[in-house]
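Per-chain residue numbering starts at 1, and chain names A, B, C and D are given in the order in which the chains are listed.
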C-alpha cells in the first residue's frame, strides 16, 4: 500500500459549497425585497450580473482546461456576481453589470488562480473599477418605485431601460440621490448636515426598511442584518469582522457628531446607509481576503470601518465601503504576518522580553 | 500642528508617490518579494528621501537661487542624491550586512529611484519652507514604505497561490499593483477641513 | 491572576478543539470479553517508540507465558514478552500494523494451549523503593497505552529526577468509537487506583488528578467510588472535546499550566499517565506480570457486533473482528486506533500491539472521502487548533516546498482537528506529518554528512600515520643497513 | 563661471565627505569563501561531481562555475546549505532526488583482495587480506568507487532499504 490515507479518517459535515450557498441563502430575503422595491430593472440587472459572473468563471475554467462543473457548483461565482449586483444602482444599464462581473471574476479572481487565491474581494474591486471608469452610470439613482405600484415601470419599459438605455420620458433620473450623496453635495454648498437631512426628506424608519434610493444592497438594512446574524448563528461567519466594521464607523461618527452636529453626520445614519450593513456582514467577511485569526479580523474590520468613515466624511466619494474593503484587503497579508495567536507553550512576546531583561 | 499632520497624510495617502504618482516603480517591483526586505528597503528609502529633500532644499535656497543657476537644478540634485545614497549604502553595509545582501543591486539603484528625484524636484518647485519640505519628503517616504510593505505582503501570498503559468511572476505582480492603485484612488479628493 | 485561568472557567470553557460524533454507544455498555487463545501470534519486537527490542530466543525454543522474547536495547526502549506459553516458530519480518505495510522483526509463537505462567510472586508495591518500582515497570515492558507508546519507566525516572508534584491520570478517551479505557475504569477501577498510588509513591508526587470526559458518567462514578478512600486522588469531569486526551491539553485544562514548547510535562511538575498504563503498572509491580495483553475496542459500521475485547499482544486483528461476528459489509477503511489519529491498516493480518486501543472497520458513510479543494482561508483550522497554530498558512508553505517558512511545525501534535473541520477537505495534518518527516530526513542527512566528514578525516590521519610509520620503518632499516655496512667496513679495515 | 565653480565645490565637498565616511564605516571584506564551502562539503574527495576533489569543487562553486546540486553524497541537505551560503535559489526539485545508495558485498564472489577497502574514502569497508569484506551501512556514502575496482564484481550498489523508522509520509496530492 503506497498511498495509505492519513488520519483523521472522519470529517465534519461541512464543505465550501455549503458555506457559499448558505451565504447566498442569507442574501435572498434582502434581494427579493430590493427587487420588489426597485422594480423590474433591478431584477434584470441582477440576472445579468449573476449570469455574467457564472459565464466568466466557466470561460476561465475552459481556458485553463479545468473541469468546470465542480468549481461552478461551489457557488462562489454566483456569490460574487450577487454581491456585485447588490452594490450597483438598480437602474444601471446591463453592460455595467456584465462588465463588472467579468472584471471581478477574470481580473480579480481567476488570474490569481481562482477560488481562495485572490487578494482582493472581487465584487468590491469590480465596483471600484466601475465607479472610477463610469462615474455617471454608477451614481445615477432613482427614487424607488415598488413593483406593481402606480408609477412602476412595466416589464417592457424595464427591458428598454436596462438593455437599450432608454429612460422613460416621465422619469427624472436624478430625483433620488442617496442619503450620503445628497449630504455630500449639500455640504459643498455650505448647507449643514441637519438641514440637508431634513431637505432629503428621509425618515429613520425609511432607512431601516430601505424605502429610499440606492443600490440594491443599500436598501434593506434590516433584512441584511438579519441575514448576517443568521450566518453568525450558523457559524458560517464569525462575529469579529461585522462588529469591528460597525464599531469602526460608529465610534468616530459618535464622537465627532457630538462635537459638531452641523458638520458631521450621526452614527445611526452612517450605519444604515451606503451598503455598510451589506459590507460588514457579507463582503468584509469574505474569508479569502480577510485575516485568518480572530484578533487580525478585529483589526481588519475596524480598519474598514474607520476608512469608510474617513472617506465618507472627508473624501471625494460619498460611498466608501468598497474602497475601504479593498484597502484593508491589501493589508491582510501584513496583518496575518504580524497578528498571530501565541502558540501553546511559547512565551508571549512581552513575557519573553521581560525574561530577557531580568 | 494639524496642518503638518495633514501634509503627512496627504503625501502618504492621497498623493501616494508609488500608487498615485507612479514614481519609484523599480524598487516597488524589485524589492517586494519578502516583507522583511521590503521593510529594509523602506527604511533605506525613507532615510534617503528625507535626507535628499532636506539637502536639496538647502542647495536650492543657499546655492542655486543666490547664484541664479536654477537651470542646473536637476544636475545638482542628482549629485547630492547620489552622494547620500552612497552614504546610506555604507551605513547599511556596516550596520546590517544581511540587509545589504538582500537589497543587493536595488540599494545603489535608489540613486536612480525617480521617486527621490521626483519628490525633491516637486518640493523645490512648490518652494515651501524648510519644515514643509522636510515633511513633504518624509510623508512621501512613508507613502512609499506603506505601498512597498503592503505590496510585499500581497506578493508573499501570491507566491503561495496557484497562479496560472501565463500570469505567474511579473505579470500577476503588475495586475496586483494595478488593483492596489485602484484601492488608493479611494483617497482621491480627501480633504480634511 | 487571570480570570480565564480560574479552574472553573478553564475546565468548562474550552476554546480549542472539535466535536466529532462520539459513536461510543455501540461498545461502551458491554463488558470486556476475553478473546480465546489464537492458533498463532506474531509479536513485533518494536511496539514502542524508541529502539526495537533485541531477540533473545531462538526458533524452536519453548517459552512460558511472560518469558522474555526481546530485551530492551538503548536508553529508550522496552522489552517484549511471550503472551502465552508455546513454541517460537519463526523470528522474521512480519507486516507491521502501520500504513506503510513494511515488515518489522517479529517473533512468531505457536501457543501450546496450556497458557502456563513463568514464576511470578506477588509483592506489596509500597514496600518497594521508587528505584525498584521503576525497575519492575521497565522489566515488564510497560509503555504508554494511549497510543504514544513511550516507555513508562523512562517517564517515571524522568519524574523522579525532576520534582513532580502532581500525577495527571488521563481517562478522557476523546477519540470517537473507542471505549476500552471507559470499560477498564468501570470494571477495574480499584486496580487503576492502586496503579495511581504506586506511581505517586514511585515519583514522590503529592496528589493525582484524574480527568475523565463527562460523556462517561459511569466511569467517573466508578473511579470516584474507588478513590473515595484515597484523599490524594481527585476525579474531575472534563468537557467532552477532542483532543482532550492530548497530554499538553489535559495538563492545561487540569492545572492551568502550559508545557514549554521544547520541554516535557515534568518541567511543569506533572506526569501524565493513561488509565490503561496505570493498570499495566499495577499488574507489573504487584504481580510481576509483564505487559502481554490489552483491552481493544473493536468497532465501526462494518463490524457486526462491536465490543471491547481483552487480547493477547500479537493476535492478528482478523481474529478480533471474527470474534465480533465478522464484517457486515466490505469496510471502506481499516484502522488501528481512533478515527482522528488512528493509522490505516494494510490488512487485517496486522497484529495487536501495546499501543492498539482499537480496531475499527469503518463503513463507506463513516469516512472522509471528499476531494480537497482550494483553501478559502476561513480560519476554522485556526480556531480548532489546540496548539494555537495557523494550519492553513503552514500547509500553504509546505505545498510550495517552503518548509523553513513553516511556523510551529514542531509544536503540532498531529491531532487532526484542523483536517477534521476544514471545509475545503485539505489534508492539513497529512501535510504536517509529511513536513515533519521531510525535516527529519534532512536532519539525518546533515548528521550523516557530518559523520562522513569525520570518517574521511579519520582515514586521512590513518593514511598519514601509516605513511609515517612506513617512512620511519624505512629510515630505520636504512640506518641499520648503513650501520651494518659501517661495521662491515670497520671489520674489513681492522 | 559661477556654475562651474559652485558645482565643482559641491562635488569636491561631497567627495571628501564620502571619502571620510568610507574610512570610518569600512567593512572587512571576508575572503575565503571557497575554503568555507570546502568545509561544508563531505571532504571524501569521491569525485562524483566531476571535479578532482572537494577543494576544486568548492572553488568552482565559489566562483559560480558549478551548480549547488553537484554533490550527490551531500544530498538535498547540502544543496540547501550551499544555496543559503551562496545566496542562490535552491532548486532541489530539478535535482533528481537520488535515493541514497549503499554498497553491498556479495560474499560468494568476494576474494578478499582488499582493493575496495583501499579506495574507500570513508573506511566504510572492513575486512583484511584474504577475508570477506563487509560494508558499514552508516559510513557508506554510496560513491561507487569500490564497484569500479572490484576484480570479481562482488560489490554492487543497492538503494538504502526503507525501514519502519526511516519511512515518512508522502506529500499529499495537490488540491485542484
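Criterion: contacts are C-beta pairs under 8 Å (C-beta built on N, C-alpha and C of every residue); 3 or more make two chains touch, one makes a residue touch a chain.
For clarity, every value in this text was computed on a predicted model and none was experimentally measured.
Just to note, of C-D and B-C, the chains joined by more C-beta pairs in contact are C-D. Averaging Cα atoms per chain gives one point for each, and the point farthest from that of chain D is the centre of A.
Rounded to whole angstrom, the centroid-to-centroid distance between chain C and chain D, based on C-alpha atoms, equals 37 Å.
Between chain B and chain C, the centres computed from C-alpha atoms are 57 Å apart.
Centroids of chain A and chain B (each the mean of its C-alpha atoms) stand 33 Å apart. Computed from the mean C-alpha positions, the centre of chain B lies at a distance of 42 Å from the centre of chain D.
Counting only residues that touch two or more partner chains, chain B has 162.
Counting partner chains per residue, chain C shows two or more touched chains at residues 100, 373-375, 399, 424, 427, 430, 433. Multi-chain contact residues of chain D (touching two or more other chains): 169-170, 172, 176. Those residues of chain A that touch chain B in the shared complex are 64, 107-108, 110-114, 116-117, 119-120, 125, 128-129, 132, 307, 310-311, 314-317, 320, 322-324, 326-327, 329-334, 336-337. Contacts from chain C toward chain D in the complex involve residues 46, 96, 98, 100, 102, 104, 371-375, 398-399, 401, 424, 426-427, 430-431, 433-434, 436-438, 440-442, 444-446, 448-449, 451-453, 455-459, 462. Every residue of chain D that touches chain C in the complex is listed here, in rising order: 42-45, 73-78, 80, 92-93, 120-124, 138-139, 141, 162-164, 166-176.
Taken together, the chain C residues at the contact with chain B in this complex read 374, 396-397, 399-400, 402. Interface of chain A with chain C (complex): residues 1, 4-12, 14-16, 18-19, 70, 74, 113-117, 238, 287-288, 290-294, 297, 336, 340-347.
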